[in-house]
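Dumping the structure here so I can ask a few things about it.
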């Protein structure tokens, strides 16, 4: 059976290649999770310990709940307060993303129906996103300091909002483009104002798309590092900064603790990502993929 | 030469049977049309012949040789798709010469054959254009040209005209017919349009729910439908079908329904009593005469060449008679007219739809 | 055709008052939306850009008192930056890092997408696993890498066991290996990005031309090269450009873990600017550097935009007439 024979071989080869990468993709994630459950004797063990025996919750209890009895004695930790950082991250990421999606969808509506921005400008909007933030962060911090926005949540919310706006506009536009204009014309004949049409008719129709956009941008704001590093000092810390501050004051790294922290930072993101996995393509397409 | 045999072809998709144990033979040079309603399995069958679907069971044979194991490109077939399927990034000329390039035909010969074929389907003026610059009809001609130039033994056509309007459809239909006569190769054509089937086919294969219902020439299918479904499917306007019952009698059986009662022709003398459906084509219903039927007029439709007169036969379907020309357009609505049926053109179908 | 948009945005010029008042209302609406956006940009960006420009022409460090009394130095700072070999090396490293990781991401992502674009059993599971690396926070990737690539760590252990040789390179502490290692990290982190884009592109390709090519005699390789690849050009470009730009700006993996080290092995442009401004406190030099980099990036981005727009236009041109719907012109 030449044809089906060949099919089976290529199917087998395909499974092989895909499984190889699946292992490569998953192993680091597994390692972090496993390490977070390791007692401190197994952090640096040689040969490495692939499965913690026995698994322990000490790392989590110490990192996330400040349980002092689990504080490792050999490794003094200059700890911050992860739970506070969690709160900060949630507020900052949540608020900036919300602003981004709201503002972005209104802008997108304007672009889609009223051509307030040409196609050129839409692409130029991406410049906002593509310029390395490092080049403006110095004067920005000075400006913020003058405005009193340094080391504040609002400061971060504002800049996150601005830098994620391009994505929000592009994604929302792709959803709005698919709403038939007859609906808006019907609303107009029935007496609705343009704003009402936008908020009562168009946006509710793309609700699921907006949720996907929200979650997509949430991933970006949650994991942002550079701006948070520079624009905050002591009052406000986000989770990514928390992780980098969390190191042993002695030579070695506190792998178990860091792993527990890392897991806490990453798991929410993974859940979000998995929820919107079918919509991820839309966020990246920028008009290059014909639907 | 290309004689195609389908032996016990069977195809299931996720538990749904698309094609059920289908067997038939297609002779070399025939124009065969697979026709039936959507979902009857005709496209699936065509794709199995082409090699884009693997049969769950059964064989496809070309010239006696089982080809199940061959890739589409090794089967010597040509295919025209419903959506023309032209390569959008290549010019018309590049599209047409594609198959020749795959066969490594040298450039000079390619150019010549492309020119020839472009002239044959009259698209020579489009050679430099891109597919997006061609209209639907032009694009479909290009698709034809692309297949023609590779000189396959058999042409497979998957509803090539469905996306065109009525006028274009007739033009391209005539084109297909002409090509078949000129090339004398086997054409296997899939459509849901019975008119296309009637006009193009040497033989029609009527399919429904994955099975072959009837095979025959257009004349046979039209005048000798094997069941209710076939009778209803072919003909425009469709055959009049009235539900009622057969009442046996001493000299002749009678057919009785809500609207009328009529004596049945002699050949039905021994028909069994019971529920049945009477079928008669509109062109075989005559106005006037001792038919024993009188029905009120519901609607008169002058079409130019004929006039359709719709009668109320106390059932969902209108009972239609065709009158030639525009002579009888003045019939008042509601008037009762006497009708008679051409006796050798009356069909009876039993409760299961089979022809009696 | 967008009837409403045409009628809303390009009104027939009625002399009638209804036409004119409608035009006014539309203009008001457009500015109501656009206005706040422009105001926000101006409020945040303009002062920032101005300050940056100011500092590139005025020498100032934190110890010199208030910034508006800084001394004007003309183009000295720019000259200093452009003649700084360390800056040049940072640019080289950034470009190498961005190019290498982008190509790596693309090749792996494309290969995966190609293997996955036709349905098969278990596909959903693979897809889920494949997108996970992108959902990890880049800082986390950095620290995880340290745990994994620690000289006596799992990666070296696994490779040693698989190949039978004692394999213990110092991935992150060996200056020759550090940058390639970070590139590998970047690739691991962002393969899902190219994967998703290429998968979307491949799935959006029309199926019938591919079948037509198949029955016309083309082998899989031919079909890939002549039909799929040309139609995928816009998507490929997008995947490459977006990733390249983001890779140029990459910061956590080079800073959080290595601080640009060992030595200057992973000192990319963002890292060097960071060091200059916040560790050496040469704010003006940092500003001049930032300006140069910003101009460089804007040039690259504009080029990229031009490329992308050209691809989008050719993509639109290919889809002018859709096969669905009846047409009358013969």
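Which chain is which? They are A, B and C, in the order written, and residues in each are numbered from 1.
Note that in this section a contact is a pair of C-beta atoms (placed from the backbone, for glycine too) under 8 Å apart; a residue touches a chain by one contact, two chains touch by 3 or more.
Predicted, not measured: the structure shown is a model, and the values here were computed from it.
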Chains in simultaneous contact with subunit B and subunit C:
A
Name whichever of A-C and A-B has more C-beta pairs touching across its two chains.
A-C
Express in whole angstrom the distance between the two chain centres, defined as the mean CA positions of subunit A and subunit B.
57
With chain centres defined as C-alpha means, what is the inter-centre distance between subunit A and subunit C in Å?
15
Residues in subunit C with touches to at least two other chains are numbered 319
Among all residues of subunit B, those touching at least two other chains are 71
Subunit A, residues touching no fewer than two other chains
none
In their shared complex, subunit A is touched by residues of subunit C numbered 2-5, 8-9, 25-26, 29-30, 33-34, 36-37, 40-41, 44-45, 47-52, 55, 67, 108, 111-112, 115-116, 120, 122, 126-141, 143-148, 150, 152-154, 157, 188, 191, 193, 196-197, 199-201, 204, 234-235, 237-238, 242, 245-246, 248-249, 251-252, 256, 269-270, 273-274, 277-278, 283, 286-287, 290-291, 293-294, 297-298, 301-302, 304-305, 308-309, 311-312, 315, 319
Footprint of subunit B on subunit A - complex, ascending:
1-4
Quick check: in the complex, which residue numbers of subunit C touch subunit B?
206, 208-209, 211-219, 222, 226-227, 230-231, 317-321, 323-330
Under the definition above, what is the set of subunit B residues touching subunit C in their complex?
50-52, 71-73, 75, 77-79, 81-89, 98-99, 102-103, 130-139, 143, 146-147, 150, 163-165, 167-168, 171
Can you list the residues on subunit A that touch subunit C in the complex?
11, 14-15, 17-18, 21-22, 24-26, 28-29, 31-32, 35, 44, 46-48, 50, 103, 106-107, 109-110, 112-117, 119-120, 123-124, 126-127, 130-136, 138-140, 142-143, 158-159, 162, 181, 184-185, 194-195, 219, 222-223, 225-226, 230, 239-240, 243-244, 253, 255, 258-259, 262, 265-266, 269-270, 272-274, 277, 280-281, 284-291
